[in-house]
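There are structures below to look over.
In what follows, chain A forms one complex with chain B and a second complex with chain C.
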Partner chain A sequence: MLLKAKIRLKKNIFVSPPTLLVGIFFLTVSPCLAAPVEGDAFVTSSISEPSNLIPFLASDSASHAVTALIFNGLVKYDENLKLIGDLAERWEIQDGGLRILFYLRKNVRWQDGEPFTAEDVKFTYQKLTDPATPTPYGGDFEKVKSLTVVDPYTIEVIYKETFSPGLASWSMGIVPKHLLEKENLLKTDFTRHPIGTGPYRLKKWTTGQSLELWANADYFEGKPPIKRYIYRIIPDQTTSFLELSVGNIDMAALTPLQHQKQTDTLFFTKNYQKFRYPSFGYCYLGYNLKHPFFSDQRVRKALGLAVNKKEIIEASLLGLGKVSTGPFLPGTWAYNPDVPEGVFDPAAARTLLKEAGFIAVGQDGILSRDGKKFSFTVLTNQGNDQRKMACEIIQKRLRDVGVQMDIRTVEWGTFLKEFIDKRNFDAVMLAWQLSYDPDIYDIFHSSKTKQGEFNFIGYKNQEVDALLDEGRREFDETVRAKIYHRIHQILSDDEPYLFLYVPEALPVVHRRFQGVRQAPKGVGFNFIHWYVPKDEQKYKLKA
Partner chain B sequence: MKAAIIWLGAILLAAVAAPFFLSSASQSMNLLSPLEAPSLHHWMGTDPLGRDLFFRILCGAQVSVGVGFAAVLIATVMGILIGTVAGYFGSWVDRILMSLTDAMLCFPVFFLILAVIAILGPGMIPIVVIIGATGWMGTARLIRAEILTLKHREFVLAARAFGASNRWILTRHLIPNALGPVIVHAILGVSAAILTETALSFLGIGVQPPTPSWGNILMDGKATLGSAWWMMLFPGLVIFLTVLSVNVLGEKISHQMRGSR
Partner chain C sequence: MTKYFLKKTAGTVPLLIGITLITFLVIHLAPGSAVDAKASFNPKMTAQAKAKLESLYGLDRPILVQYADWMGRLVRCDFGTSFVDGKPVTEKILQAAPVTLAINLGTLLLILVLGIPLGVYGAVRAGTLGDKVLTVVVFAGFSVPTFWLSLILMSFFGVRLGWLPISGLHSLFYDEMGTWQQYLDLGRHLILPIGVAAFTSVAGISRYVRSGMIQVLEKPYIRTARAKGLSRNRVIYGHALPNVFLPLITILGLSIPGLLGGSVIFETIFSVPGMGRLFFDSVFTRDYPVIMGILTLGACLTLLGNFLADIGYALADPRIRVGEHS
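Let's turn to the complex of A and B:
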């Protein structure tokens, strides 16, 4: 690929200005292409400790960050969010999507030296679909009718019906059969001493402090140049920012305030490279649709009109975000660009509330209907200043149209257990981190309202249900795009959520790392190719 | 000492008066001027939502000082009741009540408060009640000790000889005479209660927005540490000076009482 670019450059260098641009781009990136040097360590931090290092039992982001380095799936997303092979060299989709044949790589070994084969994939599938396994990902594999090992390096998966997110679901980390066959997954020591096929291997885990991973010399894509990956656990964001400010952490995600106002020092510009790009998620105000007021679409629409999303983005994100119009991300193929952003019109909101039967009675100007005041509580999680600020701005705007909104911040665990799982809330301020496939069946399908499932607002819309089913059956991206565009439109009209904003991801990476690049998948997707030139290496490993 | 009294007077005035005059000013946002440094227009600067920090601290006094006094009032009344009954009646009543006191003292109170708030939900009233209900043990022990010495004194025996009822003896003779050290203890308790409220609000489980309290103003400041020094300095300073003044006052009263005995 590089060679090709070079040749083309030589041929066309004087032909046209656009080619010249390509040339400049090539020249600027070329210093990074020197042979990577081994050595040094990469230090990052997290506010929480991984809970479980078996990929299909891990549901928190900290566990995911670590298992992604230790394990591989059959497929993975490349930097441009296209599915490519990982443990599978290639695959064939047959019978209109009902049958997938995976051809596995043959040179892969587990980190203990045993060869990786199709039996490991079958074992992982069996565990994923075993009712005794408490995994949140089992649903992705329910549509699988059978999985057969054709030969040690070929697997045949047959689906009961066409299921377009099926291929992507095989990005789930594969675990070794020979080590887990006789183990009880809930009690096994493997969760703290995992063996995978990935680029890094867990060397040491000091509870409450850090995890240390070492590069896997036998990794099938080549040994990663960075020798050690250190994952520090720092439960407080301010502390971790202070650690970053003295250079003790190599990569971190900044808050908008830190990005805009606290990192313009000489030390930061000299030592860190800042990035910003849209994150893969959106923040929303979700209404409990069982609430007598929120079940009325006019009320939801009125609240949408009363809130100024742009003002929230300016104040709480310092402008580092985009208006969210629906459940998909701007720029992705599922996103419907024709859905309007929504206007800020308090007068229209008041009229709509009046139409819905709300009148002001008391001195305080709070509206009421059938003798009940329009006052509700929005719950949000502790520790997220941006969300809290957004709540306070919404609170003020709603007060202006005669709606009293109280704010309650709750610790994350309690939030999920006491309020979300029990459906015990009026409204919630939360965010979804999305997968790269636009299937949002789990969030908006009316069959997903049971305890522990994700449609906790209780949204029911027959047309959306039908479209979500159809979107899962369809493989053609253009046809799927039409389906999701329609879903986007309906959800925007119906407003079961007040879609607020898509925040920007704001990572910083220490400048000594070479090969760091930003792509649609973000920064860090090519971590295994990063390296530090010999004279800039910071951490030396004692043999 | 004078400075402490003047400071506390000013804070009490703010606690009583500010919410009437400044409530809306302390909550009015100006999203165009977030995090402005202190100036003539905004004496203590503005917070990330462009609200005037000086007004917020004045209004915050109501919650922080109000919670302090109300909680201590509850704790003191409970302590006096339990301590007096235990000390005066003695025997098994004393044993049961003092065992309860000791048991409560063994409890990690702050975590008890966290647990109760997790169940009841945050808000000013639950906080006052829970800080009060977990802070009476010191007072109870103190007053019991006083009652134990006082109840054998001549004036009590005389009252009993005249046929006075238990209630009469307790309310007219014993409690008034035992109150001295309790008052000192209560004053010192106010500063502890203010700090507890501040800590709870700092953890985000105290008074909920938009109502300001010193603790949640301080919490807002934590995120801006390094870019807006005024966000932590001023609330921190106000908390420090108030707690210090209360302690100075308590010490002084205690000293004078010891001198007069």
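Let's turn to the complex of A and C:
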């Protein structure tokens, strides 16, 4: 039976000045003074609803955010983006990377009380690779030759070839065999009532409105102090900002405009702590390298010189971004800090275009080569104003050096099917999300140019191919770093993409939460250790 | 009469098949696919994995075979399951429909409660300053963009004054409240959505009532009623108004299918999980079973509405029934 709890909302969000002073003092010294206390709820929001809570069937970010609290993988990335054990206590890499042994934790129980064992891992792997499972992650496990249960707490994985990014793929959430063995994954009720090993368990899911998770007292790293985690679905960004403005949401990601102009009110500074750090992604202009002009490296370099990336960041992100120099995240080990940002030099761009054989013929000042005008269309997806604005700025700068660029926005589904898949474009303006592992084989290797694959610009460079292969065979981070630094350098020289910017993530967190820290992984990575001092708790929960 | 009824019923079947066939073809021929939406441009999604998904969903078969299959299930009242979350389509619709229906019914009620007196007032005082001011207000409500008005009111009543909740249908920890508190909570959440929806569409009804009333007031029987010394209110509410209601009932009848059609913008801004959002999300994820489910439901309701109207007319007006013999 469900215990009825009485809820009393703390009305005065505004604290009087003396308390505030004490509060600030408390905040700065508290990490070493106060012990985490239990209680309170944490409310966050998302523009979309999770679609599926079985980790390997979930492909959207909302589902990931929730499954990450309910399930654990064998490994996970720590705050500094190093792989550490999660359900696996440790692992051994043997036979030059062909064999990985995972040693599992022994004190782990599923949220229904059953013990977690190697059989669950095997079951998850079998489902992942089962042709009847509609998972987008099967590719990660294709290189696995076999998975054997050595004993209830040891797993042996044999790979067909050395594949270092494969280790990170074991961060996939493990699902319980005893609950799913007899279920049809496409129809099972488990997707709505999942049972995992994680710090929170799903208590209630109100379709289209919210999900409520309760702290798991049995969690192997200890019960999280925050009793409830509430994930509200608010599809409109303006609405969620209004909810934030009255303190109804404890953590949210702001837009650059909100961060810069709309959150300097007394209410915000008193109640929220703002953060900013590079998000895991970059925006780029990708050239179709089959295009007669873009296959010429001088042309690509010239366009790179003609565009002022800093200006784009100032205008479309209000300065909240970094210039992108290549396909890795600034500050991570794969990122090569020696690659220059590139300069804005329209005069040099004009010279380079002239060298490449372009001359201005007509009255309009548009360059042409072999009787063909230099005009092309850039495609971008509908609904992203930042990208559209970036396109417009580029359009103006290219016009200045005599290149005509038209902009066309297309609905996402159509964009993929009609243009990307069919290679039917001159250039595209898109962004990549980066995974923590720097392997970018799928995006730049010349073997990945077939329909439906992701090197859709048709990039071919033998050295990059060889380096990408090598990067996948090597487990040692320092050796891998050298490989990816070289790739970074080559891609910056070759410019198959015009790398534009890395937008910043701009979260805010309510100040009553203690233990909130920013690390290379961002904010929120240590959520299970956050707590609210007793007298600051907003939601008094009895149950 | 029975013959007329049967003829009408038989006529709707091919119509329904035609409608569903065309919509099925259109949504399947639109570029993009459920699999692409699911893969969400993730480089880890290999071509093989996509092909696997396509055959799992049966999307690799010829489109007419897919339609026949869909129709075959439909006659057994099976709308299939969603590609996105594997839930039965009927369950998804049954979850969203009551929300939209409740809001639309509430709105309709409020529109009638406000619109009829406003219309009567406008007709009785036609041409006076009061009438003109009302006309301006009513038309302002009609022309103002819903999303803008919603945001302004949310910001004013929700943020500035803090009187009303901003969005959603329930407060946090709704289940842990008492029954009365739950009703109160739900009611408070519905004030703004229903208020905005009613204000932006009260123009229609109030104008119909106003113009109908003006016409009726010129009729000889009103003059007679006045001549025999009835009070002003008796004349207006007892004799004139019922005659204005007849065309009003037709309009209300035609709005039946609309009761289940939610507005995407409106539901998105208020974070209300209704039919509009369900349909919109399904279109963007190319969730064919859900799209088809909603469209079929819409088609059925429209046909039902027309059918009822036909029958109703036939019952009310013998000339329509006589027409079938000629």
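We adopt the following convention: the second predicted complex is superposed on the first by the 463 of 543 C-alpha atoms of A that agree within 3 Å, B and C clash if a C-alpha of one lies under 4 Å from a C-alpha of the other, contacts with A are read in each partner's own complex, and residues count from 1 in each chain.
One rule holds in what follows: a contact is a pair of C-beta atoms (placed from the backbone, for glycine too) under 8 Å apart; a residue touches a chain by one contact, two chains touch by 3 or more.
The structure displayed is predicted, hence computed values, not measured ones.
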Touched partner set for A:Thr207, first chain B, second chain C, both or neither: second
Partner chain(s) touched by A:Thr414 [first = chain B, second = chain C, both, neither]: both
Chain B versus chain C as contact partner of A:Val43, first or second or both or neither: second
Partner chain(s) touched by A:Gln382 [first = chain B, second = chain C, both, neither]: first
Partner chain in contact with A:Glu314 - chain B first, chain C second, else both or neither: first
Touched partner set for A:Thr238, first chain B, second chain C, both or neither: both
Chain B versus chain C as contact partner of A:Asn52, first or second or both or neither: second
Chain B versus chain C as contact partner of A:Gln451, first or second or both or neither: second
First, second, both or neither for A:Gln395, with chain B first and chain C second: first
Winner by number of chain A residues touched, once chain B and chain C are compared: C
Chain C-contacting residues of chain A that also contact chain B: 238, 245, 411, 414
For the chain A and chain C complex, residues of the former touching the latter: 2, 4-7, 41, 43, 48, 51-52, 59-60, 131-132, 134-140, 142, 186-188, 191-192, 204, 206-210, 230, 232-236, 238-239, 242-243, 245-246, 248, 411-414, 416-418, 442-443, 450-454, 539, 541, 543
In the complex, chain A residues that touch chain B: 237-238, 241, 245, 255, 257, 261-262, 311, 314-316, 382-383, 385, 388-389, 391-393, 395-396, 406-409, 411, 414
Residue numbers on chain B that touch chain A, as the complex places them: 27, 29, 31, 34-35, 48-50, 118, 121-122, 203-205, 208-210, 220, 222-228
Residues on chain C engaged by chain A in the complex (per definition of touch): 30-33, 36-50, 52-53, 56-57, 81, 84-87, 95-96, 99, 151, 154-155, 158-159, 162, 166-170, 172-173, 175-177, 268-274, 277-278, 281, 284, 286
